[in-house]
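In what follows, structures are represented as structure tokens.
There are two complexes below, and they share subunit A, which is joined by subunit B in the first and by subunit C in the second.
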Partner chain A sequence: MFLQNLVNGIFVGAMYGLTASGLSLIFGVLNIVNFAHGEFIMIGMYITYFAGALLGVNPILSVLISVPVMLILGVLVERFLINRIINSSDMAQIFLTVGLGLVLSNLALIFIGGNYYSVRVGYATESLKLGSLLIGKASFLTFIVTVITFIVVSMMLKYTFIGKAIRATSQDRTTAQLMGVNTGFIYTVAFGLGMVLVAISAALLTIMFPVYPNIGNHFVVICFVIVVLGGLGSLPGALVGGVIVGVIEILCGYYFSMGWKDVVPFLVLIICLLVRPQGIFGTRT
Partner chain B sequence: MRDKKVCIIILAYTVLMIAISLVGNNFLLDMVVLTGLWAFAAQAWNIAGGYSGQFSLGHCAFFGIGAYTSSILYCNTGLSPWVGMLIGGVIAAIVAAVYSGICNKLKGHFFALATLALGQIMYIASVQLTSITKGSVGINIPFKPGFLNMIFNSRATYAYIILTFVLLLTLFTYFIQKSKYGYFLYAIRDNERAAISLGVRGLQLKMGSFAVSAFFTAIAGTFYAQYILFIDPDSLLVLFLAVQMAIIAIIGGTGSYLGPLLGSVILIPLSMLLRAKINFVSGLDNLIYGLILMAVVLFLPDGLLPFILKIFKNRTGKKAMEKYPKGELNLDAKV
Partner chain C sequence: MKKIWLTVLAALLAVSLAGCGGSNKAETTEGNQGDGGGDIKLGVILPLSGNLALLGNEIMDAINIAADMKNKSGGINGKKIVTERADAPDPNAGSTQANRLVNTENIKMLMGTYSSGIAAASVPVAMRANATYVEVNAVADEITGQGYKYIWRNVATASMMGSNASKFAAEYIAPKLNLTPEKLKVAIIHEDSSWGTSVSNGVRTKAEEYNLNIVCDESYSSKSTDLSPLILKMTKAKPDVVIASSYIADAILLQKQAKQFDFRPKAWIGTSAGHALGDYAGSLGQDAEGIFVSDLPGIVSDNGLDKDAAQLKQEFLTAWKASHETVPSGVTFGAFCGAWTFFNDVLPQCKTFDAEEIRNIYLGLDIELGSLPDGTGVKYGQNGQNERATIVVEQWQNGALVAVWPDNYAAAQPASLPLPAYK
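Our next item is the complex of A and B:
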């Protein structure tokens, strides 16, 4: 039973990690905590839901629609909003994204309504048997997609020119600029890439969770915990942090109580902020 | 009372009190009470967020502690909420001082994240500790009017009380702002290391201002519980409540004793009217909150108060407005 819980925790955690990776990337490059992250997840989930409900597109394939849409949205938000406060005070940075989150979630409430929508896929309730382990087909599928996404994005950051420019900007923006990197453009690219990651993770989340205007609040706090734990700005950190939070959550839910398990991520967050504020993979600045 | 500003504040208070005694409309009175309540809560948030730069997104935790402490004591032991209010305030202040001390090294975004976690922990605790808080069901406070019970038949009485609270807190903030402690707090907000190197006690002052802020937030919580007569985790301990306090203070103007009052006077009647008149579109009031917040952060980072003062008082400001009559004033030029 312990092994089963562990495996479940890893599967859930990897998905959390993917959800948090966009937040982490954006923080790493722009040095801004995007408090509207949850609302972007919500938008991605709605796109996947409506692609399925109106066009009959499979949730996984819906990324073909949601990725371009979220990319454009991300670029617009970065160009017209985030860009203007990139050198402002902490207060401006925190509350601009808080305000954006309020606007997005209430726009969804006004135009789509407060109903819960969920996608029905045939394999959501089926599971694979692996020895004594039971693995849900849906969670197995999301795990595969998560791992592929992580590998592709990591390769991109490591080997392509733009990836190198993103990493350089995230390590030291002034020096990157001196070396001829157009940091303004890199900010936009990084924000757009963050939104792409949000779109993919939102498509996977839609398979397992219903979507409603405030769904973002449910995930965003877990995302904050994960990125602080893994190290803000670190992509592998997001995956590892996600798995740690997922495993802790499932194990606490099983051995303690279902109700209190939600407290654990926050205790982890506080302890982590105190003991190692730069996170597992972060570097002290 | 040689201080001119204090005289003006007290005069405004007296005029408002007389005006309330003439108002019979329940909706208007409700508006006055809620505007006062949120002015009070935002003023309390401002002590931590505006003066010492501790941007908290977890003040709902203190609001909840205040409301739950006084209500539980009143419902179970019959203790007067006036006393419960102070007990709740002290508990919130202790929690806040300890938490601020623990998070001393966290700045800006990280402090906001840590306080957000505090609010969430309190939410889960209040849902789970069903034997004390009755969980998600919430606590109904029995309606027994009386001064000791802090429950009144008339909304005007609530309005008198909350306005008096607002007056006292505003005077308190005003005197803090004028005293050396006000300058210490500004110094910490603007550059903590430099302030400490010049002999300002950074840790003690940050803990102190956060505790004072939490104390008054808890008092606002008790007042809210006694006014609505029903409390549950979903109305008290949600992130939006903490965000709302911050929004009001920021839109009005942080770091000034008049900013939160202005923010509340603008936002609360606006959102109440939207909710009452355009009630077929839910979420419109919060949408407008978000839009105003974004506009203020982008174009008037110091809030509306300095902007309005500039238009009304400062001659150069007036000239600038005349020079660019149709909204062409380049407000973000100084950023």
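Our next item is the complex of A and C:
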């Protein structure tokens, strides 16, 4: 059972990592904590659901629709809302993103309703058998997509011009500006890229979870834990933080009780903040 | 600036004094009670937005249908019932809305609340203002266990819901599986809020009375994003029956992960909430078939109803179907029956509409089981709990939730026992 739980923990952690990656990227570049992250996940999940219900699109292929839609949404939100408070106080940034989240969830409630919608695909409940190990097809698929996504985004950040500009802005906004980087444009690109990551994770979450206006609440707290644990703004940190939290959760849930499953990740976070406040991959400022 | 502050302070003082001066009589408009004119206002506190809005709005609709039906038949001695909606998506809002209704709007008859957590916040506010509070849904035992004088709950308690699940396992499932109750292995799992804990206490207490063999007893957060450790624990414990108290997202996740790990007990009994919602079956399709639900009675067989109750049930269903695509759940029926009893059996006897008068009327009611559309009757204890509230066992059959136990309420026979292997 230990191996089964370990594998489950790694898969769950990968899902957490992908879900938190958009939040981490946006913080790293724009230095804004996006409290509407859960509601953006909700929107991504609705797009996946409706793509399946109305057009018969498989959740995985629905990213062909949800990625451009979320990208455009991200660009618009950054241009018309985030951009206006980018240099304001933390309080203004918190109020804006919290308020935006409330508006989005209540708009969903008004226009779509409070029903719980699910996509029904066979592989959501099917497993692969490897000896005595049972590996959920949906979990395995999520793991593979997560790894590919992280590799692609990391390569883009490392080797493309825009990626280098994003990293430069993330490391030192003023110097990047002095070097000719249009940081305003980079903020928009980074927010849009964050939304693309949200769209991909939302499509995968829809395989297992029903979507309703407050579904984001299920994920947003754990996303914050992961981002802080891994290091604010660090993409590898989000993945490693996610896997650490996932494995701890699953092992505690099985060997102690399900109650401990929700407590221990926070204990680990507190210890991490005491020992290494910048997180595993973060840099001290 | 000083003038503005003084004006604001004076206004606040005036508002607070006006609030203190309210009487404990129910508000009517355009005329005095008993003269045949005016409206009777009822404040309805429900989560109409937020997480619980789906059922909150359905309950609001059921109460409005009851009010419309009563108004069409002449109202309350000529007065029309008017409902004042108060959206309370969480306990804080519940307390605020109750305060607004009883102290600002001076409405001294309230109804609600669906969520036990919201009821726990709004009921004390109403009680402090000597207002009547008719609770038509919230099931936490504590609501009628605080010694309040003016709370009236028509539906069963959470522990009754849980104990009924254990009773069904011991009295029906065990014999069908050729097992004695002592040999029947049971897993008790529940989400860890006040509701899930109350229900599981009822499950556990009754299971111990019947000497059921409890092989797994676990709580979990309804916001869990992975329940595989719980499924693996149950796989190891090999229960014959799982009794689960879950909200909907976790109920769906439990079934999906149970299938992923090929965990299939012989019977699965949910206790209301998530397992009883149409979206549960809609999300799971074939995998929901055969799942039992210990719940407030929904559409029960007419065999368990008297003639008037059967007719009232049809009238309610007709009105419901005119505006809804789904069939009403037990929660919705509970709301309708609680509201109908209040409008039809309590208010027509009122002269002053104050809480003490309503208390005396409620305590005097003696309506036999089967006299209401959900098969319940009315006989209130001093604590305000309806002692003729009933719990039934329903089962998902062909995509619909049908009453299957006990026999007098059963609209169909229990099927899929033991549950077939996953396809």
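By definition in this document, the second predicted complex is superposed on the first by the 284 of 285 C-alpha atoms of A that agree within 3 Å, B and C clash if a C-alpha of one lies under 4 Å from a C-alpha of the other, contacts with A are read in each partner's own complex, and residues count from 1 in each chain.
Keep in mind that, in the parts below, contacts are C-beta pairs under 8 Å (C-beta built on N, C-alpha and C of every residue); 3 or more make two chains touch, one makes a residue touch a chain.
Bear in mind that the values here come from a model prediction, so they are computed numbers and not experimental data.
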Have a look at subunit B and subunit C on subunit A after the superposition and call it: clash or fit. clash
Which superposed partner A:162 touches (first subunit B, second subunit C, both, neither): neither
Looking at the overlay, what does A:259 touch: subunit B (first), subunit C (second), both, or neither? both
Tell me which partner A:141 touches in the superposition: subunit B (first), subunit C (second), both or neither. neither
Which partner chains sit in contact with A:92 here, subunit B, subunit C, both or neither? Use first/second/both/neither. first
In the superposed arrangement, which partner chain does A:228 touch: subunit B (first), subunit C (second), both, or neither? first
One more residue to check, A:112. First (subunit B), second (subunit C), both or neither? neither
Quick check on the superposed pair: does A:219 touch subunit B, subunit C, both, or neither? Answer first, second, both or neither. second
Which of subunit B and subunit C A:101 touches, first, second, both or neither: first
For A:81, is the partner it touches subunit B (first), subunit C (second), both, or none of the two (neither)? first
Residues on subunit A touched by both subunit B and subunit C 106, 109, 114, 213, 217, 257, 259, 262
Subunit B touches which residues of subunit A in the complex? 32-33, 81, 84-85, 88-96, 98-103, 105-107, 109-110, 114, 213, 217, 221, 224-225, 228, 257, 259-260, 262-263, 266-267, 269-270, 273-274, 277
Subunit A to subunit C touching residues, read off their complex: 1, 4-5, 8, 12, 15-16, 106, 109, 113-118, 120, 124-127, 134, 136, 138-139, 208-210, 212-215, 217-219, 222, 246, 249-250, 252-254, 257-259, 261-262
Mind listing the subunit B positions that touch subunit A in their complex? 49, 53, 55, 57, 102-103, 105-110, 112-114, 116-117, 120-121, 124-125, 127-128, 239, 243, 246-247, 250, 254, 281-284, 286-287, 289-291, 293-294, 297-298, 301, 332, 335
Can you list the subunit C residues touching subunit A in their complex? 49-54, 56-57, 192, 218-221, 223-230, 232-233, 236, 248-249, 252-253, 256-257, 259-262, 277, 279-280, 282-285, 287, 422
